[in-house]
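Next come two complexes, and both contain chain A; in the first it sits with chain B, in the second with chain C.
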Partner chain A sequence: MTAVTTQPSAVRPLQPWKLTTAQRFSRFATVIAVVAVAALLVLVSPLAGLAGIALVAIPLQVAVSVARSGRHGSVAARNDVATSLIGSAFLILMAPWLSILYTVVRRGYEAISWNFLTDDMRVTAPDAELGTGGIAHAIVGTGVMVLVATAVSVPLGILSGVYITEIRGRFTKLVRFIVQAMSGVPSIVAGLFIYSTLVIYNKSYSGFAGALALAVLMIPTVARTAEEVLKLVPEELRFAGYALGSTQASNVFRIVLPTVRSGLVTSAILGVARVAGETAPLLMTAQIFLATKGNPFDGPLASLPIVTFSFFQNGADNAVTRAWGTSMVLLVLISLLFALARAVSADRRRSRR
Partner chain B sequence: MSSESPLEGTAVTASGVGSAMREVETGRDSRNLLPSGASGLETIGAHAWFGKHLAIEDVSLRFPKSSVTGLIGPSGCGKSTFLRLLNRMHEFIPGSAFAGQVLLDGRDIYAPEVNATEIRLKVGMVFQKPNPFPSMSIADNVLAGLRLARIKVSDKNMLLEDCLVRAGLWKEVKDRLKASAGSLSGGQQQRLCIARALAVKPEVLLMDEPCSALDPGSTLRVEETIVQLSESMTIIIVTHNMQQAARVSDYCAFFLSEGGPGRVVEAGLTSTIFTNPVDSRTADYVQGRFG
Partner chain C sequence: MRLSQKSVAALFAAVTIAGTGGTIVSAKDQNLTGAGSTFIKNLFDACIPEYNDVSGDTVSYGGGGSGAGRTAFINGTADFAATEAVFGSAEKPPADFTYVPLIAGPVAIAYKNSNLTGTLQLSPVTIAKIFAGQINTWNHPEIAAENPSITLPSNNIVVVYRADSSGTSTVFAQYLTATAASVWTKAPSGTFANAMPAGAPPGSIAAPGSDGVANKVASTEGSITYVELSFQKENLGDGVKAASVKNAAGAYVAPSPISAAAAVAALPAGNVDQNTGWIRPDFATAVPNAYPITALAMGIARKTYSAKNDSVRDFFNYILNTCAKAQAPTLGYAALTGNTLKFAQGRAAGISQLGNPALTTVKRNQTLPGASLLNAAGLSGVPTLRVTKGGNVCRVVNKTNIGGTRAGTCDVRVTVGTTNVTLKVTVTK
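Let's look at the complex of A and B:
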């Protein structure tokens, strides 16, 4: 017995269901070769551009797939063709996204500097030298407004989800209909609504009005996601709670909501992503302010989309570069937010193990 | 009560009036036949509907204190539905309806002034599929009932250990009480659910096929737990396993639907039901000739 345990095992763990490194490399090389051949064909034919390469490369790749896997039978060939088509579809879908990202970075990177993130435009003209002034006012303004909008809309959204899935009262259908209708409201209408109800009465634009306009847009997103997430809670868990003598309220707040905590975080994040880049509603509610300030009740407040818009309207080269730089900051901030949310919910899942 | 049914008049007289559970033919008069002073759980003329569909008809059973009663019968005969009548879980099904009486210590639990939440505290339930709360640790699961019903306990750790010991799970989890309930095996989860049901100190424990998803070892442990628990509480268990019914129960009630609503064909001491039943269908069922 001891001889067996002291000797290292000769059996190595294998994953025979996976492609070997050599196979994977040969497939990768094939794709590169196919694209290269397609590019050559495009050069000598009337076709042109990336679209032309794609138009030649995709059928070529399919043909190569059939030739390569055909000898293993029709199932293998069909599998290979499907893999090639799905891979092509993935690349085609990625193209616009990568193109946007590339354009934003290419045109905006010059504007980015430490100063750009920490200074504001209080004493700087939009077309002044790059490296002076900054968009701290917009970062802070967007942060404050999104925070207030989240504080308003997440509780309301989750509670409407709870009403639809847990309470199932007489107005369930009506509430669901209104939530769905609200998610179709054009964002400028949300701005007009807050303008006509709040801004006119206060006779002043304010960050708070902007936040409320964003909240109007955020509520349906949060509510619908929360409803979908709450529907996933198995009925057995609710019954288990009731069988322990729980009231409906403690059942909802101590069992159902904690069970889907990470899903609810996702619903809030989706809501934030929905509104963080909104421009139209803020035009009529928060407007723009050139100094950095954090008080949403103290007159107009800047935000990243509005500041981008106003830089762009200026038209001068430096101002337009600043506009791209501001968009880049907005993209990065939203990406960070997504990563944070994923980390938070992944953490939850791991700690449960 | 439909008079063409052959079930009428199958009242069983088990030996010893004081401890007998009876199936009585007409609900209203039955209380006169029952031993006086012995409190417990009792149904009188219980009917249950799902929408227009009558699922159980006229079930009158009495469950004496500190006894184990097995509810047996083929699938779809209304055993689980009947069980859910006893702690008012039936009403969660949309379109469900009920007629008759369920008396807990002589009080009708369906009386308008009765709070269903309070009833479910006294009549606990263990479900067919283990359903621990995935968002909580093992310890929090056991104590969940206290938090949900806002019950204050002086020594939570004592109660936690006591419940887990009684559910036969303590030794396996005592070093990882803070781990997630989802990390337990199916059999362990079911025993966790039993511990959870015990923590609120119910008078009656309803078990709906608690062992149907368990391996033989876990089943044995749950059965030992049932026998042990029956010293201090009334247990009613639905089971498809005849051996299990014979092993753990003091009394048995045989349910049968025969195409119509489920009814009790025969009820009485487990030994009588298994060895000397009055009705031939009971004999056929317990000997495995159908179902």
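Let's look at the complex of A and C:
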């Protein structure tokens, strides 16, 4: 038996939205011209700086696209105007982000050296020469606390996700409501909660207390992401499992969870990235410690945000540069985590095809 | 490697300390946590790494403000604290706490007026009238009377004050209450707006933090504020100058580490609380070269013996005897000198003494001075000693000391006046 399929050969579908090279060039030239005119206007008017140029250029570009597209018919006109608006919106959105990145790197790069990543501030003053001392204590401290917080919150978060999507018991709505409410808890309240229970009781700040405060903030992120990825599992898979006679437990642990393994990893990474830069809860739970230490149960523990704050409070030039350097390290670490999350979730999409 | 580094450090410590009278007893890898005053934080930032280096301890100071430091000390989360304001009546510090004066710093009257050349001179009453809103132009006759050699511009005075609750505000309000009571009729408060007699003057500006008020003055022509000297120095390039202030001796003195040190070198006995160790700054100082608006930052520590408290004592001694002298001038503080330094050293020596076994241990055939027993008992005065148990182990020598006759333990009752404390004395071979 042969399947008879007729392939329409050599007929390519039309793609009227694609621009020819000439069109691309003319659009690019228009944008350049508009920005140049805007810059000229800013020079002769009381407006100033990049913001002034943007303020003139964006409406001008929209106006130009409206005027120019008159001869291409209404669809093309709408397309042109929409493209200009979306392009401008993209630039406006990118500007603050790029500005933050640029500022952090420009002011912090001087502090970065191999020593900065491997030494601590135990015997170095915050305003000492750059190149002496470092933030190893903060990197290790943040690492330890985030690790403990992950160990506490990821199982809880995934289990509550499983309860909401798989078990769907009597408290499903309540659990979902509480998870949503928890995600709205201000981080300082999480810190106060741990302070008033664990810290006061132990009469000591500790890395473990800091980790628990972070876990309080991490659980809702993990739970909600886990719930979302678990919803993606096709019902047919579950039905097939039950049809083969599996119990609910083995269905969940041997079919549903392995199917979305990478999604769950993503949820954990997103949770980590959510809390790695938290300052407020650590101020009253983990405080600061100047030596490199890995034990979360033995007194205060440093972290990248708190060390940044402490450097900044000192106010001396070198201390402020160190503060920027520390935030640069934090930014890089969080970016790496997000990139990892993207890579893992991209992997998931590919494997499902 | 680590060991040899440490012994070198200990040697260095011994050498440094030998010349200054303090002692670093411990090198026991203690981890200390401190919290409190931000006024003193820059000094701690400079001194803590040095101390960590020479002692082998690791001290970490979290700052957070005087009030937060006192709370942390009461809760036991901080091993020591620093504050410019005394424990409030609602606060319940542990019974064995002591204040230790650590450092002084001048509060400058900082102003910006581009048309005003030369240094402004102000008396306490004029300052009070400016901050109360009764004098509101720069060429007001009362300012002119004090500054005959300066041409005063006619623009308005903009008062800038701290929006947050602050130790600097408390000290400044206390100063105005003490020296210009006729104008400054309200009680001092950490929140300056509550301390102003007629509320905030029209056109005045509130800003948070020492850096906040200093930056506001730097950007506002004709403005004036009160701020720690180092913050005025940082903004000197923007035209922020510090006025000379008239003291009780009748001299106009500019704020500086030296003039602030003079203000706290010889404090009247009435300003010193022998019981807790608290010192009130002397705003009516009659020392000719003393700057009157000078704040004192106090350390808070515990007198009960523990290895940690031993390290706190060593740390405070290091600040008082070594680090403050070296760092204070560049950071804009005034290191303690004279009687105040002696008093501070005495208070620091009392840390970690209650029940300290080193003070109640004596070798066979040697004598234990009564002063050690007094410290261990937390008493002061002339003691009466009596062996109440183990008379064959130790005996009273010359009525004032304890001599050990053979190894063992004995009980010694230390009596001063009507209070007595019984200590267990150990005699070793």
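Rule of thumb we're sticking to: the second predicted complex is superposed on the first by the 315 of 353 C-alpha atoms of A that agree within 3 Å, B and C clash if a C-alpha of one lies under 4 Å from a C-alpha of the other, contacts with A are read in each partner's own complex, and residues count from 1 in each chain.
In this section, a residue touches a chain if its C-beta (ideal position, glycine included) is under 8 Å from a C-beta of that chain, and two chains touch if they have at least 3 such contacts.
Predicted model, so just to flag it, every value in this text is computed and none were measured.
Engineer: Counting residues of chain A in contact, which comes out ahead: chain B or chain C?
Structural biologist: C
Engineer: Mind working out whether A:S250 is in touch with chain B, chain C, both or neither, as first, second, both or neither?
Structural biologist: first
Engineer: Taking the superposition on A as described, I'd like to know which of chain B and chain C A:Q313 touches: first, second, both or neither.
Structural biologist: second
Engineer: Just checking: does A:V123 make contact with chain B only, chain C only, both, or neither of them? Give me first, second, both or neither.
Structural biologist: The second partner, chain C, only.
Engineer: Give one of first, second, both or neither to describe whether A:R78 is in contact with chain B, with chain C, with both, or with none.
Structural biologist: A:R78 contacts neither chain B nor chain C.
Engineer: Of the partners chain B and chain C, which touch A:T259 in the superposed model: first, second, both, neither?
Structural biologist: first
Engineer: Identify the partner contact of A:S204: answer first if only chain B is touched, second if only chain C is, both if each is, neither if none is.
Structural biologist: second
Engineer: Give one of first, second, both or neither to describe whether A:L290 is in contact with chain B, with chain C, with both, or with none.
Structural biologist: The answer is second: A:L290 touches chain C but not chain B.
Engineer: After lining up the shared chain so the two structures overlap, which partner does A:G299 touch, if you call chain B first and chain C second: first, second, both or neither?
Structural biologist: second
Engineer: Taking the contacts chain A makes with chain B in one complex and with chain C in the other, which residues are shared?
Structural biologist: No residue of chain A touches both chain B and chain C.
Engineer: Across the complex, what residues on chain B touch chain A?
Structural biologist: 87, 89, 92, 117-118, 120-121, 124-125, 127, 129, 131-136, 144-145, 147-150, 180, 182-183, 193, 196-197, 200
Engineer: Could you pull out which chain A residues touch chain C in their complex?
Structural biologist: Per the stated touch rule, the residues are 121-128, 133, 199-200, 203-205, 283, 287-291, 298-300, 302, 310, 313-316, 319.
Engineer: Mind listing the chain C positions that touch chain A in their complex?
Structural biologist: Its residues touching chain A are 31, 33, 35, 38, 41-42, 45-46, 48-50, 52-53, 58-64, 75-77, 211, 234.
Engineer: Which chain A residues qualify as touching chain B in the complex?
Structural biologist: 234, 236-237, 239-247, 250-251, 254-255, 258-259, 261, 351-353
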